[in-house]
Structures are given as C-alpha cells and as structure tokens.
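Inspection log for the structure reproduced underneath, given as structure tokens.
Going in written order, the chains are labelled A, B, C and D, and every chain counts its residues from 1.
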Amino acid sequence: MRRIGVYICHCGTNIAGKIDVEKLAEYARGLPYVAVARDYRFMCSEPGQEQIRKDIREHGLDRVVVAACSPRMHEQTFRKVCQESGINPYFLQIANIREQCSWVSEDPAGAMHKAMDLLRAAVERVVRHRPLPSQEVRVHPDVLVVGGGIAGIQAALDIAEGGHRVHLVERLQSIGGHMAQLDKTFPTLDCSACILTPKMVAAGTHPLITLHTYSEVADVSGFVGNFRVTIRHKATYVDHKRCTGCGICQQKCPKRVPSEYEEGLGLRKAIYTLFPQAVPNKPVIDRQNCIYFTKGRCRACEKFCEMKAIDFHQEDWEEVVDVGSIIVATGYDLMDPSVMELYGYGRYPNVITPLQFERMASAAGPTGGRILLKDGKEPKDVAILHCVGSRDKNYHEYCSRVCCMYALKFAHLIRERTSANVFHFYMDMRCFGKGYEEFYERVQSEGAILIRGKAARITDEGLASEEEGRLVVHAEDTLSGESLRVPVDLVILATAMEPRSDAEDVARAFRLGRSRDGFFLEQHPKLAPVSTASAGIFLAGTCQGPKDIPDTVAHASAAAAKSLSLASRGMVEVESMVSEIDPELCAGCRTCVALCPAEAIEYLPRLRVSRIQAALCQGCGACAAACPSGAAQLKHFTSDQILSEIDALMGA
Amino acid sequence: MDAQRNDPSPAVEMGEGRMMDEGELDFGFAQEVSAEPGGEGIVKCFACGSCSAGCPVRRFHPTFNPRRIIRMVLLGMRDAVLRDPFVWLCATCFTCQERCPQGVRIADLMRALKNLALRSGNMPEGIPMQVNLLREKGTLYPLDEFDNKKRTKAGLPPLPGAHEDVGVLLGDLADLGRPKEE
Amino acid sequence: MENKTYALFLGCTIPARVRQYEQSVRAVAQRLGIRLVDLEGFACCGFPLEPVDHHAALALGARNLALAEEAGLPICTLCSSCTSALCEVSRTLSRNEEERERTNRLLAKIQRRFQSPVEVRHFVRILLEDMGLDRIREACVRPLDGIRLAAHYGCHLLKPTEIHQGFDSVEDPRVLDDFIRSTGAVPVDYSRKKQCCGGSVLMADQRTALEIARDKLAELRDLEVDALVVVCPFCGVMYDSNQKVMEKIFEETYGIPVLYLPQVLGLAMGMEEKTLGLKSHAVKTKGLLEKLQAQAEG
Amino acid sequence: MTMHAALIIDSGGGWIETFRNLCRRILEEGGVDALLVPQHLPRSPMVQYTLVRDAERLEGVNPVAPVLPLNGGTLAARLTREDPGARVAALLRPCEIRAFLELVKLHQGERQRILLLGIDCLGTFEPPEFQDWVKENSSWDGEAFLRSMRDSGRPPEGAPALRSSCQVCEHPTPEGAADVEVWLLGTDPDRLLLHSTTEEGDRLLKGLGLDPGEPPKGRQKAVTSLEEQRREARDQLFRDVSSRLLPLEKILETLSSCIHCQNCRDVCPICYCKSCVFQGPSLDHPSAQYLRWAGRKGAIKMPTETLFFHLTRMAHMSTSCVGCGQCSSACPMGIPVADIFRFVGHRTQSLFQYVPGRDLEEPLPLATFREDELSPP
C-alpha cells in the first residue's frame, strides 16, 4: 500500500489568489493512497521543505506530490528533499497549478476544477513511479573552443590558465577575429591591436592551447563530459612545420587580389597571412587566385622558399579530438547594406561600412590611418547613419548595441584627424555602458553635430555647382521638425550585426537552438546566459547576440567558468530518465537506431535486438515515440505512467 | 488664375509654448485608429522622421508632416486630427510606407484617417460629387453620345455610359451631401 | 506566357479624357500580338473611394475582379492607380477571410462573387514580362536616335512593393528607362525621377499639388529634355493638361510635351501620329516630331 | 539494369500447365532449391502458399487463381530473416512484393536471400466467395478468369466481384521490383511471357536456356490503361471514404462494430511487432475505472479501446500500407478497414512523397528527416 503526501503551495497570491488551496488540500485527502495533504505559503522555502521531510519520517510516506509551479523551477529542489529523507528522488511528481493553471485561468471556479484534475492525475501517476538510480560519468578534462575571435581567445586563455587543455578551432589562418580589424576601441580609445595582440600571442604560445587555424568542426558526437569532435584542417599548401614565416613568398607572389581583412580597401597576395601580427604568422595559398592552381604556372613562392615549405599537393585532413565540453564563439557577420538601396552602398563609392572605416582609420591600414575619399582627398563633411539595418522591421528588429558607441568613436577619430564636420543621424542615442555616457558628452563637446532623425535616403543630387560630386543626406530633424538636406563627402553606415550566414549549419552541428533574431539561443536569458539546451555546450560572445568588447569578454569568461567547473569536478551526473529496450519485445527493426540523435542505440545482430547505451542516452524519448511495439520505453515516462495520468485526468 | 491654398487651422498650429490640457486629449483615439484597416501598426512608431524626410507634400506644404500627425494621433488629439483638412493632403505616394523601419503602413493609416475624418464631415468639396457620380454611373467620367462619337473617330470602340449595378453596391454609403451632426 | 489574352481595364479617366493613351496601347499591343479584350461591365476600380470608405472601395474593386474571373481572363491595366487598387483588393480578399466574406455579402446583391486571386498587371509590366526588351527593340524599326526622354515612374506602378511582387526596385527603378533605351532614345537621369506628380493632392490643396508638379517640370526644363514619359493618366493629366495652368501661376515656361510610353514605342515602331493620337496633347508635340523628322533625315 | 524478355511458346497444354513446367524446370535446372508458390490444396478448392523442394510436388500450382488468403510478403520475410541455407525463390503478386520490401526496410527480411518472381495481378476475390464460386463451377479454370479479365476487364459471368482493395489497386504489375516478371497484361494469351529485370533474373532465364525475345507491343498501353482505370476507381473510393466514413462523428460509427479481435492486425503484412502493444497490460484498466467512465458518460461501449486501437495501428503502419486489403478480408464484422487505411495511408504517404515498396533505397519516412518535409508543396 502506497502512502502519498500531497503538498499544495500558495506561492503567495500567485496560486492562492485564484485557487482555494485549503479546499484543494481537502480534496486531496479524499484521493486514493493519500496519507497527508497540506497547504503552505511557500513550499520551496526551508520550512516548507522541512515539513515534507518531517512527514516522510513521521508518516512513513513513500511518494510525494507537490502542487506548485512548473517542474522547471523546483523539481530538483523537491527531489533533493525526497532523497535526503531516504526515499528515491524520482518518487516525486509535480502538479503545475501555477503556470498551467492559476496564471492562465481567468475564472476561479474553472481554475479550481483544473487544479483538482491536475492533482488527481499526479497522484495516479506517482503511484506508478519506479526508483531510478543516480548515475555519474567521467568528464573528459579537455575543452573545445570554436572560433578564435576575442571571445574564443579569452575563453581559451581562461581555461588553459585553469590547467586544462584547450583545442581552439578558427576558420581563418589567424586568430583575432573582427577585433583585429578595429582601430581604436570605445570608450577608452585604446588601440585595438595593442590590447588584442598580447592575448593572441598568449593563446598562440600557451602550452595547454592547441590552435587549429584554417580549420572547421566537421562533426560532433557524444554528450556532456564526452564529446568526440572531428576537426577538418583545410589544405594551406604551406608546410607550417617548416615555414619560418619569413615572408619572402608573399613578397615574390605576383598575384594581387582585394584583401578581405582590409575590407576590400587594400590588396593582398595569393599566398598571404591575414595581417602582420597574425598568430600563427604563417601564410596559406588561396587556391582560387593562385596562378599555379588556376593556370598551372608561376610557382614563384616555391622557388624562393629556402625552407622548401611550399607543398602544392597538400590535401584537407581530419583529426578527431575528445573533449568534455564545448564553447561556441563563432561571432557575427556585418550586414551587407547594399540591399538598402536608398543608402546607395555599392552605387556611391564614398558610402562605406564601419569596418571599412576602421581599416581606413588604422595606422596599419591601406591609407595609413588617414581618412580619405575615394579620390584621395580629405572629406569636409561626414555623415554617420545610425541604425542601418538595426531597429528596422524590414531587416533586423533588434538593436545592435554597439553602433551608437562606435559611431561616436568615429566622430572623435574624424574630428581628431581632419577638419571635417561630422553629422550623426540617430533615432535614440544608446550609451549605457560604463563610461559610455561620459564618452558621448566628450564627443558632443568635440563638435559632433547630432540630428535626431533617421536618414530617409542618400542621393548624389547636388543643387549647386559646389555640391557637384557630393552626397546629400535627406532627413528630418524630428526635434525641431525641420526637413534637412545635408551635403557631405563621406557617409558611414552603422550597419547591423547579424548572425553568421552559416549559423543554421552550426546550430545543427552543435544541436543549438536559435532565437527569433537568428542568434544562438541561451538556456535562460537572465539566469543561464552562456548555457544552452545541450548540456556541456556553452556560448561565448556575439554568436549569442550583439555585444561590445567588454560584454563579449565577460561572456567568454563566464563560458570558460562553466567549462572549468565541469572539468574540475571531473564527474557529471547523467540523465537517469533514459530509455531502455525490452529485448523480449524488440523486433530489431532499427527504426529507433536511425532516429536517435545521441547515437546511443546499438543493434546486436546475434540477438536480433537493439540496445540502448544508457551512458549516451539523453532521454529525449524519440525511440519510445517511434517504437510500435512499445519495446523502447523512456524511464519515468513509460506508457503505463502516462496513460494512468491521462486516465485520471479524463476520469471523474 | 488663382490656386487655392488650404491653410492650417488654429488647432494644428500647436506652436511653441502652447500648453495642452490633459482634458483636451482622448487617449482612446490611438486604439480607435489602430482598429481601422491600415491603422494597425501606428503604436509602433518611434518617430524617426524618415517618413517626413521623404514626403513630397511636406516639401511644399507649410505644416503637413506625417510623423507629427502620427504623434498627434498617439497623443489623442482627436479633434485636431479629424477636423483639420491636413489629413486630405497625403498624396498616397507610399514613399514613407516603403521606408518605415517599424513597418507602420503610413499611407494606409492616412487613408484610415480620411475615412474617419469623412465620417465627421471633414472632406474636400469635390468628394460628394465623386461619390454621387460613382453611385449613379459607376465611373467618374460617364461617356455620352458625343464622347463615343469622338472615340469612334479615334478608332476606339464605343463604351457604355453607366454601370447601374454599382449603385446597388454603394447603397450603404452615407449621403455625403451634408456633414453629419456631431 | 507569350501572346496571352487580357481583359483590358481602362478605368474612368482614359476613355473620356486620355484617348491618345488608349489608342497607342491598342496599336502597340496589336503590333506585338498581345490580345486585349474589352469586357462588358468594367467600371471604376475603387481607388477614388479609398479615402471615403475602405470597404466600399474593396467592393467596387472586387466587382471588377469577379467579372474578369468569370471571363477567365487576367487583367491588363493602363492606369497605375487602377493597377495598385485592383492588386490590393485581390491580395486583401484572398488573404483576409473576414473582408472576403463581408465583400461577398455586398457582391451577392448584384449576383457576383470574388473567389480567387486575379492576375492584374500594368501594360508596361506585360510588355516587359511577356515580350521582353529584346522583342521590343527588334520591333523598333524607326529608332528615336538623339531624342532625350525623361521617365516619370509615378507612385502606384511600383508601390507598395508587396502587391507588385518585386516588379522593379522602388528606390532605384529602371524599367521605364530601359524601355526608352530600347527605342534608341536617350533616357535622361534627373534628381526628381521618383517624385510624385501631386495629382492626388489636387482636390485637397490645388496650390501644393501644382507646386509638387512644377518642381519636376522646372528641373526637366533646365535639363532640356524633349519630352516627359508617363504610364498613368493621372500623371499625364497633371503634367500635360495642367502645364499651362502652372506656367501662368508660377509665371514661367516649361514647354515639355508629355508622352505615354506606348506612344513612344509606337513612334519607334514607325506608327503614324494619328494612330498614336499625338495631336491630342495640351502641350503640343509638334517640336518633338519635327526634331524626330530632322534626325531621320539628317 | 538488364532488360531481358523471353518467350515460352505454349505447348498446347494450356497456360497454367506451361507455368507448372516452368516451375519444375526452375527447381531442376535453375539452381533453385526451394520455391514458394501457390497451389490448390488436395481435396480443397482453396489455393495456399506451399514451399516446394521436390519438383514432383507441383501438380496443383496455380498462379492465376484469383484469391489471396494471406499476404505472401510476410512469408518471404520469414524465409529470409536469417540465412535460409539454400537458394529460395518465390512467386508473389505486386502487393506482396511491396509488403516484402517494406519489411526488408524494417529489417524483417533480406532481399538478397530470395529470388523473386513477380506476376501481374488482375485482382482477387474474397476467399469465401472464391470458394463458393469454384464449388458451384466444377469446370472452373483459372485461365477463364484470366481471359475474361484480359478481354473485358471484368471477371467472367457469374463470378463474384473483385475485392474492394483490388478494384482500386493502381499497382497491377511488379514495376521492376522482382527479378523476373511474369507478364499477363497486354500479352498473347497463348504464350507465357517472362521478363527479367535484374542480373539474377538474367542468370535464371539463361540457365533455363530461354532465348530473349521482343517485348510485346501492346503491353505498355494495356498497363497504363488499367492503372488509369484503377486510379479513377481509387479516387472515387477516397471521395467516398472522406465523406462517408472518415468525418469525426462518422468514424466512431464506422468503427463502432469493432469487437477488438485484432484480426486485421494479425493479417497485416506491415504489422511486424513481436508482440503488439495492445496485447500487453498497458490498456487493462482497474475494474473501477470502467465504472467511473460509465458513470461519467452514462454508458460506454465495451470493449473500450477500439478507436484507440485503430488510430494507433494507423499511426504505426499507414506510411507503409501497401493496400493489399487483407485487413478488410479478415474482419468478421465487415468493417471496411482497408478502405479507411488506404485513404489515410495515401495522405500520409503523399506528405512524404513516399511510395511503400517502390524502392529499397527510399528510406522509411519515420526513420529519416528531410528539411522540407511537412512543408506544403
């Protein structure tokens, strides 16, 4: 004979405001097997928990039903209470009478009725609960970090400093990411390279960090604590073990193409490093442009390389590494503003993107840090358009968070280096970080002209001869109500940060969710901002949403802390609610094998049945749903448990 | 020849420093407008002004300003919006609507405001005549025998002068001859 | 797609006031093998009723769509406002069940019913999509070499974008310039190319409407164009019939003939002035025709 | 893919006799150790599958008797689940082959372990009706049925109607899924025509010393025309099912006569479970539960889970349903189970553009994932 204790939570007025909790407790006392039923203001509080412990002891309860909030909130809390009192933690059932009842019901009588149904179903179900063991598996101490921008570098360094090996995978031939392209950083105006390069070097030389540059993750299998990752190394056509990075090959290569790193403003060779401070500072050959690969001739690099490091026969190769956790730090793309035809990007040469401006402003960039127009002259007037593609339902609804600040930084740099007027066309000035408002005031005092209104369009239609060849920004200054046409020489579009174009594929590979804006979805927007729905996989930086550098670094360190805490504990509790297959019933059809996302099901040809490897099973239940004979069952969600719950819900 | 200008009424001349009394405002007005077809998006406006900046009427008319009209609706200035001729100034050119970052269907919204204004009797003089023509003939330019003769001369087929069934369709339209009493 | 048959939707203004447009459309269509059928019963498209009562306007538009649907024909429009009004009605009624039912209750009074979306395209779009610029170029046997023409796109040929399904770019339209180029004439780029004619404001505020129209004419006069090319009777009336009025009010002269695109095409196809109704314009086209003649001879 | 048509001229003993001889030669000279083939049982008009190893035991072979007491796809699966240790061949109808291929995909059989002879199917009768008909017509002869179907598209005068499932079957030919096809449609009635579609088939026919010949000209047309006719009948049936049987209030009525005997499941070739969930205890409710239900509704139909049973079975097998109609034939209550399942199966299969039994390379809809699945076409 079961002895069930039923505990009904008031949750302040959250539940008790709609449902008569005392009457509900009274109802519970009339249900089969119920030995005790109580209501209490806050069941999750220590006195509430203590009441359950006491009842288990004194009344010999062997099952507990808590009618309260969603099991997402406190299922773990009450399982622990059960365990501490000597009964199996899975002898608990939560009836969600808050999110699914009091909060969503308008009519108190209806809510009461529903609460009674839910409670009765929970009682019927808990009777059929079976004890499940707690299981732990070893956590592989190494960590994979995907993406070598500032987020990936920071996370890798934190983990390596914590004493664990890190595999840092970067798609390009050098780590550094977007930050390596920036000139100065707001609001302190540190030189981006000056603060980033030491970190890049530290990551490149750390004995516990293995850099996998010019590489991509080809496959991920396994689960928290035990991931197996296949890394595909793209052919560089340069033997990096022999290469000393002397640079002679780059000097001798005759082929010049627009440089991606310089955002098309400068040229690079067909054999090239990304930039002089690249880590590792070894070149790769760009097959699409190399004269040898396209025409079968040249080989200048090979001829001049004293180390004999050029290897045109190199092929892509794969490497498998085992890790305990993964940090995804794949960053963002800058939106291509040419789709917004009204701003003329691509049509007017002096309409540029922020990264183009950064390269122009950089002393190491193609103009040596001088702000110049396409014809080499200095601009007299510059317009910066805020919110290009951000806060715009036609493109991205969200605020990109960094544009206001870098726009102000641009104004500062322009005022510092030229005598140009700088016009900001903004809708709201969002300067919310530490020292940001102060920076805004500083740039205002430096003479930036602030126009509160979104630019309606940019034309090249000068009205007078002195406007010939200039650009005209049309906007309303909404604060004065005046319509403006502002002739300028250079327009910088503060374009939106958007999810990487391959975010969909990355999400699938790592089993990540994506939010409506397309960025990777964190487990909880406030309380679990680096965790994901996949245990052991964490997010760092702008792949989760637009961030500035300080926020990115903080986010990355948080992700590193998550990986470190897994690694340092060395063990992780794995799901007890796993599936199992009854070999007596299994017909060996292997439908479940094909469906299992965790690859946890193996087929045993001799016995002609399939078997679930409990350590790999994530408890998703796909096998149980697909198995027609019911041979596969998900523990704690077995057919008899669910059907009895439904029966009780439907029954009077 | 003289071209008539509909100058703004005092209600629109908010002017600097004029104090609006809360009692003059109807805070349900925005909801009422957003219930009209086309008015749905109005509450999303964040007043960036890209509508006004591109508006061709705004360039030539002293007070017409779509951003400000939206603000007036959101603020509940019902009488000022519905009694003034300015809602009729929108050219329905869709320039603003195409560019609005918030997806406010500004041209449709102006259409909805015209519908509302008309219900309280505010409309240009020509409207009742147009409605009557459509009700009686189904076309704004009914063809008579003389017209069809000219058409024939130009090598064009003659066309019917009226479409009676249109009147049946428009039977529910209020008689616009006299403004409704408030 | 080629040589389809269309129900020709003339709207209110064209048959009474802009016959030259209709003449040139029929002539060009015939030359190119586009069949245009006159459906008995097409009345007003509903656009003029939009400011009065949205639902009544829908019903009026739907009445025309129902007629075309019964005849099993797609619609060819000549007026940009008719185009956007009918497209909008078709789109609204096929997506919005409530409006469809409300409208069909009204239509039931005249034994009609809107059932499914009806294809509505402006004649220009049909020319581009069914014929293609290459076919047009081939048909232009008397190229308009050296003639400088400015395209006026107007508003409703392209906007709102969602009902025109990406016909041409709103912010950087090209289609009319492409047509002009295909006749051998020079399409003139100018800053107010996308500016509205102001016609819709005429009833509410004549002065503002004329100021909007004048703005464009003044620029075109300075650019010394030979003619302005339009595809909508509203725009045509605004720039042609009202040009003299504007000259008086603003005390300046423009002298810019206003041609409908099919007239330009017809000229390049070697058609007669009479066929194209070129003598029915308020601003005389004589100068232009003489220039054309001179070009041909010299 | 090989295309090998071979002709055997009728020796005068009739088509069936020629076929019996062929079976004998297959066992004696074709390198085949055992042949699964339908035969008249001694002292019974009924035709049943026999597994023959001795070539002398073929006297009752009749592949054209219009009756299908059970779907042989299950038998083929049973013979190939493990290595049978001998070379096995089977003569199957198209719906049986398709069922077998579904079972192969479900790993209940192995295609390489069997040589398939597929025969055109002109339709079958309900077994009891077939039995009665044969009893009444002592001179009955399978060839008369064949001739009548070929000539008029209808069974001979006095014969029962084809089973509903056969009337709407748009797959009357093996469609390349067998190794050797036995053609009946569009062929000369005095000739037995074999057509090989695989190398295995080629080997068999070559081994028997059969020479390749020209495929008959009228075949394609006859097949297309029959398929077209069947598709029309099928669409008519679907219209009928969707209006008469399937609406929510009507399906309850349609299934209300079900006595939960589960015969339909037993004969279903796709129902491959070792033990059905409906045989387990999970749907045995406490006695008091029945009374509570009856109390709430006033009265309940017993047994209770009949609708749930059918819906569950539909969920499990409708993507693989080949429409063989065995379920209807097996229902003691005359419920048109197959008509309903065929209709639902057609809908679920179209959703995944899946045709059960068409191709072993096509994965089962449930066992795979396509990004565009379930998005409207």
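Just so it is clear, a contact is a pair of C-beta atoms (placed from the backbone, for glycine too) under 8 Å apart; a residue touches a chain by one contact, two chains touch by 3 or more.
The model shown is predicted, which means the values in this text are computed figures rather than measured ones.
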Chain occupying the middle, per Cα centroid: A
Selected pair, greater C-beta contact count between B-C and A-B: B-C
Rounded Å distance, subunit A centre to subunit B centre (Cα mean): 48
Centre distance in Å when subunit B and subunit D are each reduced to the mean of their C-alpha atoms: 70
Chain centre separation (subunit B, subunit C; CA means) in Å: 23
CA centroid of subunit A to CA centroid of subunit C, Å: 51
In subunit D, residues with contacts to at least two other chains: none
Junction residues of subunit B - those touching two or more other chains: 59
Multi-chain contact residues (two or more partners), subunit A: 342, 457
Which chain pairs touch, all of them: A-B, A-C, A-D, B-C
Touching residues on subunit B, where the partner in the complex is subunit C: 1-6, 36-38, 56-57, 59-61, 64, 85, 88-95, 97-98, 105, 107, 111-112, 114-115, 118, 123-127, 130-131, 134, 138-143, 147, 150-151, 154-157, 159-160, 163, 165-166, 168-173, 176
Subunit A-touching residues of subunit D, taken from the complex the two chains share: 106-108, 271-277, 280-283, 285, 289, 292-293, 295-296, 316-317, 363-364, 366-368
Of all residues in subunit B, those that touch subunit A in their complex: 46-54, 58-59, 65, 67-68, 99, 101-103
For the subunit A and subunit B complex, residues of the former touching the latter: 342, 387, 391-394, 427-428, 452-457, 474-478, 481, 483-484
In the complex, subunit A residues that touch subunit C: 341-342, 347, 457, 459, 461
